[in-house]
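Each of the next two complexes has chain A plus one other chain: chain B in the first, chain C in the second.
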Partner chain A sequence: MTAANELYEERLKRIKTAAALEKPDRVPVVPLANAFCARHMGVKMSEFCTNPKISNETIIKSFSRLGEFDGLQSAAFYATGLSTLWLSKVKLPGYDLPENELWQVDERELMTIEDYDAIIDKGYNEFLSDYYRERLDNLEAKLQPLSYMPQAQKNIEDLGIVLFCGGMATIPYESFCGGRSMPAFLKDLFRIPDKVQEAMDVAMVDILENTRQMLRAAKPIAIWTGGWRSASEFLSPRLWNRFVFPYFKQLVQAVVDEGVIAILHFDSDWTRDLEYLRELPKGKCVLALDGATDIFKAKEILGDHMCIMGDVPSSPLSLGTPDEVHDYCRRLINEIGPAGFILSSGCDIPPNAKPENVKAMIDSVK
Partner chain B sequence: MGAPLSELMRDLVEDELFEGVKQQLNDGVPPEKIFAELQKGMEFVGDKFQAQEYYLSELIMAADVFKNAASLLQEKFQSDEKDKIATMVLGTVAGDIHDIGKNIVSLIFSSNGFQVIDLGVDVPVQRFVDAVKEHKPQLVGLSCLLTTSFDSMKETVTALEEAGLRNGLKVLVGGGPLDETTRQYVKADVLCKDAPGGVEIAKKLLGVN
Partner chain C sequence: MKIILTGGFLGSGKTTFIRHLAEFLVKQEGKRVVIIENEAGEVGIDDKLLSLDGFQVKEISGGCICCQLTAELTVAVGQIMKQFNPQWIIVEATGLAKIASVIDTLKKYGKGFESVYTIVLADAERWQELAEIMPDFVFSQVAAADLVLVNKIDQAPAVDLTSIISKIKEVNPQARVESVSALNGIDEKLFKGLIRDESGSTPTNP
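Moving on, here comes the complex of A and B:
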């Protein structure tokens, strides 16, 4: 066994131990960073986010200067791929934006009210195939660069780094919300709730099957099952209990049934509904928070049920000092850990984070 | 006679509300009075939001229902500028195209008696300066969702200062990633966590009840 192999196994064990709610030799640290690495290495954002090979090299180079960590949540990045989750176009630096700006999802009403019927009549996969071609400028063809992803994964694993997120899936709420645009979609939930639910139920059949097929092909350790606009803070319990949670339950169960860890990558504030997450399979999920949900409350409610990951927020990483970041990380390690906890940034490390602050986060687990 | 319009507005029962508005117009109720009832309903909506009975979902729906109900009055009634509590110049700062939060702020402030000059998204610093010169607002509202936009927020506030427009002008900031540290960094007066909270803060700053 090579040194890199040994390191990989040691780190993987550490992460898996934490995910299974046990106490590893030390708390693992598994950051998520994309745009930050581009700025850190002086790579143009326009090149970073449109070329997975360049983003892979940049991520590796950037993190090689930031200390010793266990894994990453992203091996490469391709901004146009976001369209498959959001059903929106993505504005790209160098094309639609200045070349060093951050990419931005351009949320408009590309999906119409009639599309709910199209989904119900045709099924989701067939609907998506038409939608990609007609509304997202032939998205399918633009996804070709994603074929580099297995190589990107191999490149980081060869260095002994675990890729802790080997795929992405989300619930119909997120995609419909992105396609309709949030204001229009929220109004649909009041004005045509039964129609939306019927379309969600139909979409879910294909989403579950697509996810199973993806997991069987790629055999990842864990996948990202994300929610952002479906966060508790944005909608009333009545709507959340009908349109959000039942679908997460199905998705997470399907992932866990394949022997894969579900990373509940939950952006924004989910504090109100943490109690419901106890209905998800015990010791098989990782709740990844971004600083908006009260992570200490999450520990109190879910500490014996699921591993928690996070949550060094954007603000201290970009505007704080290394000491401030270190102190917050130590607090997390002691209070959320040392068992069942993975230290990470809250969501993506922001592009304007100071490298010394990111390093302070990584070093804090020692 | 059914429930008061303010309650139909509060409960988001739009069909009944629209019928009620039409009925009252036919009965000769002054449009100003109907509009005041709708505004009262929006205040109830704001209260429910503060009490965590309503969320963004209800807020967006309420803003739409209010807009549609008020449009039934439009031909007969133009809300008078002198009745406005204050004027706010509002926009998402340069480099950021996010508009949902900003639009909600615009609707909620408008329905609570403020005149809102909405400059849109990705607003260059100079446009804020020009708009403040032109409209002489009491408030400026700056929104952003990207952490990378903190600097354009700061530049906007600094430019207002340098143009000698900052005296007596209150700068309100809001948006997902903002916290008190960011508020200080960009040199704004107050951080607003949400639109109804922003209305309360603005009224307090202006000494309006």
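Moving on, here comes the complex of A and C:
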């Protein structure tokens, strides 16, 4: 075994132990960063987010200067890939935006009311294939650069770093809401709830099967199963229990059945509904929070049921000091850990985060 | 420098209102004003709507994620102060922002401004629907406001209006509540009252 190999196994064990709710030798740290690495390394955002090879190299270079960590949640980045989750076009720096701006999901009403029927009649995959071609300007062809992802993964693993997120899948709510635009979609929930639900149920069949196929082909350790539009804060309990949670339950079960860890990457505030997450398989999920959900409450409610990951928020990373970040991380390690906890940034490390603050987060596990 | 933070769900009329407010501050009061547009998951700002002489507009965005916007905003406030040194910054928060946490971050990390005054627009036309679909969100926005503007009254029956206002007062007894139609213009008295109120609001980071 090479040194990198050994390191990889040691780190993987640490992460898996935490995910299984047990106590590793120390709390693992697994950051998530994309745009930050571009700014940190002075790479143009327009190149970073349109070329997975460049983003992979940039991420590796950036993190090589930030201390010793166990894994990453992203090996490379390709902004147009976001279209597959939220059924929107993505505005790209260098094309639709100045070359050093962040990419932007361009939410518009691309999906029509009639599309619910199209989904019900044709099935979701068939619908998506038309939608990609006609409304997302031949998205399928534009996704070609994603074929670099396996190589990107190998590049970080060769350095002994675990890729703790090898794919993405989400529920129909997130995709429909993005495709319809949030105001229009909320109206649909109010006016034609049965139709929306029928389309969701039909879509779910293909989403589950697509997810299984993806997992069988890529064999990742864990995948991103998340969202932000479907957060509790944006929906009444009645609607959340009808249009959100049942679908997450199915998706998570399918992922877990394949022997893969489901990362519940839940942005925005999910505090109200944490109790429901106890219905998900025990010790098989990781709840990744972004600072908006009360992570201490999550520990109280879910501490014996699922591993928690997070949640150094973007504000202290961008605006705070290394001491402040260190203190918060130590508090997380002691109060959320030391068992069943993975330290990470809350969602993506923001582009304007100070490198010394990111380093303080990484170093805090020692 | 003072900050007016404007919140309210997607499409509630924030941009329309801000245009009137900026115009008033620039033309009537002769102030230097900068507007910050904090976009996430919504249709980009209508340039025509905001391309008026006398003030600058700065747009910021957080990729696909809301959680980064607040930090971006705080950074932008600092930059604008250095670059333009305006008397007022008007911030249009994204329609999905949790207003209370935007205020917290501004107060905790922002520097050099005297105060934050928060205006939340409630869309009278969609109020019932939104209060039913996303009660936590709608009420927490209202709860964070110094001034709540019930907007689009041209499209809501008077009976509804009374019940909307009483609900808002129940959620936030401290806030001033006014009904307006931003599309049809805003009475100057409202702006004058707003400026008077603002000077009485809590100072931050002296």
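What we mean here is this: the second predicted complex is superposed on the first by the 366 of 366 C-alpha atoms of A that agree within 3 Å, B and C clash if a C-alpha of one lies under 4 Å from a C-alpha of the other, contacts with A are read in each partner's own complex, and residues count from 1 in each chain.
What we mean here is this: contacts are C-beta pairs under 8 Å (C-beta built on N, C-alpha and C of every residue); 3 or more make two chains touch, one makes a residue touch a chain.
In this text the structure is predicted, and so the values were computed from the model without any measurement.
*Asks:* Assess the superposed three-chain arrangement around chain A: do chain B and chain C clash, or do they fit?
*Replies:* After superposition on chain A, chain B vs chain C: clash.
*Asks:* If you stack the two complexes on chain A, which partner ends up touching A:C307: first (chain B), second (chain C), both, or neither?
*Replies:* Neither: A:C307 stays clear of chain B and chain C.
*Asks:* Touch test for A:P183: chain B only (first), chain C only (second), both, or neither?
*Replies:* So A:P183 meets both chain B and chain C here.
*Asks:* Is A:L32 touching anything from chain B or chain C once the two structures are fitted on A? First, second, both or neither.
*Replies:* neither
*Asks:* Now for A:S318: first (chain B), second (chain C), both, or neither, which partner does it touch?
*Replies:* Both partners.
*Asks:* Given the touch rule stated above, what does A:L163 touch, chain B (first), chain C (second), both, or neither?
*Replies:* Neither chain B nor chain C is touched by A:L163.
*Asks:* Have a look and say if chain B or chain C is in touch with more residues of chain A.
*Replies:* Between chain B and chain C, the winner on chain A residue contacts is C.
*Asks:* Looking at the overlay, what does A:L235 touch: chain B (first), chain C (second), both, or neither?
*Replies:* both
*Asks:* Which partner does A:R108 reach: the first (chain B), the second (chain C), both, or neither?
*Replies:* In the superposition, A:R108 contacts chain C only.
*Asks:* Between chain B (first) and chain C (second), which, if any, makes contact with A:S268: first, second, both or neither?
*Replies:* After superposing on A, A:S268 lies in contact with both chain B and chain C.
*Asks:* Which partner chains sit in contact with A:L82 here, chain B, chain C, both or neither? Use first/second/both/neither.
*Replies:* A:L82: touches chain C, not chain B.
*Asks:* Residue by residue on chain A, keep only those touching chain B in one complex and chain C in the other, then list them.
*Replies:* Dual-contact residues (chain A): 101-102, 104, 106-107, 181-183, 186-187, 189-190, 233-236, 239, 268, 292, 313-315, 318-320, 350-352.
*Asks:* Quick one: which bits of chain C touch chain A in the complex? Just the residue numbers, please.
*Replies:* 9-11, 39, 41-44, 61-68, 70-72, 74-75, 96, 98, 101, 105, 108-109, 129-130, 132-137, 140
*Asks:* Could you pull out which chain B residues touch chain A in their complex?
*Replies:* Within the complex, chain B contacts chain A at residues 12, 53-58, 60-61, 64, 95-98, 100, 103, 146-148, 150-151, 176-177, 179, 181-182, 185.
*Asks:* Given the complex with chain B, which residues does chain A contribute to the contact?
*Replies:* 91, 101-102, 104, 106-107, 181-183, 186-187, 189-190, 233-236, 239, 268, 292, 313-316, 318-320, 350-352
*Asks:* For chain A, which residues are in contact with chain C within the complex?
*Replies:* Within the complex, chain A contacts chain C at residues 35, 82, 86, 101-108, 178, 181-183, 186-187, 189-190, 228-229, 232-236, 239, 267-269, 272, 290-292, 313-315, 317-320, 346-348, 350-352.
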